[in-house]
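Structure first, commentary second.
The first chain written gets the first letter, and so on, giving A, B and C; residue counts start at 1 in each chain.
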Amino acid sequence: MRPFILILLIGLISTVAFSIADESSQDQNKNEKELSGKLIITGSSTVAPLVSEIAKRFESQHSDVRIDVQMGGSSRGISDVRQGVSNIGMASRSLKENEEDLFAFPIALDGISIIVHKDNPVTELTDEQIISIYTGKITNWKEVGGKDAPITVVNKAEGRATLELFLDHFRLKNSDIKPHVIIGDNEQGVKTVAGNQNAIGYVSIGTAEYDSTIGIPIKLLPLDGISASIENIRNGTFPIYRPLNLVTNTLPEGLTKAFIDYAGSKEVADIIEGQYFVTLSK
Amino acid sequence: MSEHSYRNSYKSPPCHKIGTSRRDYLPTFIVWFSAIFVSAVFFWILSSIIWHGIGQISWEFLTASPQNAGRAGGIGPILVSTALILVVCIAVALPIGLGAAIMLSEFTATESLFGRLVRRSLDILAGVPSIVFGLFGFVLFSNVLGLGFSILAGGLTLACMVLPILIRSTEEGFRSVPQEYRMSAAALGLSRTTTLFRILLPAAFPGLMVGMILGIGRAIAETAALLYTSGYVDRMPTSLLDSGRALSIHIFDLSMNVAGGNEKAYASALVLVSILLIINLISFYLSNHWLRRRIMPI
Amino acid sequence: MSHYRSDDILVWTLRACAITAGVIVLLITAFLVIESIPVLRSVGLIRFFTDPSWHPAENLYNLTPMLWGTLFAMTGSVLIATPLGILSAIFSNYYAPPTLARFYRTLIGLLAGIPSVVYGFWGLVVLVPMIGKLEPPGPSLLAGILILSIMILPTIALVADSSLSNVPGGYIIAAASLGLSRWTTIKQVIIPTAKSGLFTGVILETGRAIGETMAVLMVCGNVVQTPGSLFEPVRTLTANIALEMSYALGDHRSALFVSGLLLMVIIFGLILAAEWISRGRIYE
């Protein structure tokens, strides 16, 4: 008899589990007063941590709402929202020409900065030096005023907005770059550079600032002589900056609208600044 | 023919005591050295994990939610997600696997085309890389069936991965049931259904259990197949359609994507390895204990 | 034989189960093929091997560097793990006292159960910095080979162990009575007898090495290049899919499915080769 009880138990658990699944799969609720339902947000890995925190706070204020944030890259976020796979897309760049039919709602500004290990004596690199390092023409730190050690070049994997902006700014093609390590998300880049005293990489400024503040041994290098600080992004002097956008397919309504409004409001300014992004002045 | 009688009448000789001579010193040294080397590597890895991880394990860690991308807090929701994924996996794989195994061992002639085809396809299935399962699950369960990033999609994908192991082990279990049982049942006029449920299944149960536990062990350790099916969301799931982060994915995320996440990664790895250890122990205990409780051979 | 109605229902249910299980492989292949068609149609299969490099953003889809990455990692790890694994099996069968042998077998069994992420994690935080000190950058083919060897060792060790223990005791006694030394017995009598089992083990571990994703993703550096030395980073086919899948769209995504298909073909070929070679040897 005992084996059958076991099989019965498994069947019972699965039935219970499936019924939980059925109950909770509601569609978005159009009623604005009592917000409930589920939002699926996918897209850029730069924006994802920010939107996750905003979503957590939003959920704590509306107990029937559930927001799932998944990374997938800016292009993926836009494609998902177009196909209706997600409700909102996250993009760490402005919309391209062939995306003009979508609606973008910027919630913050961010920049891209070159990072090196904190103990690296080099404090500044010119644009030409950066290009030469990344294309493999300069291979040793001593050629740019550092220690006698080979440079470990960290590049981003294809398909990421951060990579596209980097290539754009320095007018390079990805096939020109001679990397030693390829990483995916920003944090991975930070981790790689922090673990290797001779590494150089580029990541989102928000990510880099946040991590260096909590003690990760990296430092941000200035570009063109302008230091990679929030102020310089805010006043537009830092060369590589981009808006962090929430993208929708149609004019947002209901829960989507409520969330986008919330994300753009002053109530989340502290979250944005806490992650070292720049709030948009309203 | 004479070998047959050797095999039956000689116990395995005490091999470690035979044939020592001076020429044997070098091979003996090499053999012992490689065994010690392998053990050393194992202990190195295990002690790394225990050393760095043990300090963080606490009830708090096992039940709290991850904070700050996992750098702080605990792995509570992740354990729940992992458990749910496993439940889905077993709930789906067990019936199908059991049915297929019974079919293959009881109702199909060994040389029949059907049996050979199914066995061949299961062999191939066992060799398919886990990331290909991930792709498959992503296309079939997440896209075509519209489950998106969900525990359900992850569990179904894992069920496909676990089937070959389950079927193989269950089949073994059935094969080890002496033929006399079946013949006696037939002589008594029992229907094959009754024979199956009343006699064969209880007798083959240890094989089934071992298969299920091996399958669970494989499923818990799986990462690549879950990356694109059950997703990364690290909050407590409220339904099977929610995305949930499995323990193995959490370790992956912390170690690759979170600067400063190594400590929690060690702790999570320790939890995962401990769970696997417990599962192995259970299967060991079961296969000994149950086997001894079986009906004595006629 | 028997004519009970319940039996008919039972047989059909069981048949359905077996068919479901058997059909999964076909489904996988079918979906891979369906998803690969877009890029095969627009880019063509030849370019997967002749394009200058793998840069999907610039419409370049050469898989060969990653194919080399997979092959080198696999070859290196099989070369290291096979002797160690077979020696381990020899150890537990013929050199270790029974208690120690049991302990060692348990150890290998536990090694087999450690998940690939844990191996990858350990490789990332322990092996890679060590290699990096020796020769930058650290994440490299060597790291991949070493981690893979540790991972596939239990496979060959366990299979070798069971084939060695199936060698009839009579052979060993006969060899001893002929005065052969232990190592000669092992080398000339036992191993040739266990040959087909050992061979199966090698095939299994090769398949495992080819299919491993997480560990190589974490320690190999993921640069798409044909490695010139052990210390250079590589990207394997499996790691490529894992890294780029969520970010890929259109042709790029389709190309990833092509690489998945390629993996399936390799595994399929491996299994067929194993069967073909061992076909004539069952009655040896």
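Assume a residue touches a chain if its C-beta (ideal position, glycine included) is under 8 Å from a C-beta of that chain, and two chains touch if they have at least 3 such contacts.
Worth saying up front: this structure is predicted, and the values here are computed from it rather than measured.
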Per Cα centroids, the chain farthest from chain C: A
Pair exhibiting more inter-chain C-beta contacts, B-C or A-C: B-C
Whole-Å separation of chain centres (CA-atom averages), chain A against chain C: 35
Centroid spacing, where centroids are CA-atom means, of chain B and chain C in whole angstrom: 17
Residue numbers of chain A (touch at least two other chains): 71, 184
Residue list for chain C, restricted to those that touch at least two other chains: 246
Set of chain B residues in contact with two or more other chains: 256
Complex contacts: residues of chain B adjacent to chain C: 2-3, 6-7, 10-13, 15-16, 18-21, 23-24, 27-28, 30-32, 34-35, 37-39, 41-42, 45, 48-49, 95-100, 102-104, 107-108, 114, 117-118, 121-125, 127-136, 138-140, 160, 163, 167, 186, 189-194, 196, 217, 220-224, 227-228, 248-249, 251-252, 255-256, 262, 265-266, 269, 272-273, 276-277, 280
Residue ranges of chain B in contact with chain A within the complex: 69, 84, 87-88, 90-91, 94, 148-149, 152, 201-202, 205, 231-233, 238-243, 256-260
Contact set on chain C toward chain A in their complex: 52-53, 55-58, 60, 129, 132, 136-139, 221-224, 233, 235, 243-244, 246-249, 252
In the complex with chain B, residue positions of chain A that touch it: 3, 7, 10-11, 13-14, 17-18, 20-21, 23-25, 40, 49, 66, 68-71, 85, 184-185, 187-188, 190-191, 194, 211, 214-216
Parts of chain A lying in touch with chain C, wherever the complex brings them together: 71-73, 75-76, 79, 149-150, 152, 157-160, 164, 173-175, 179-184, 195-196, 198-199
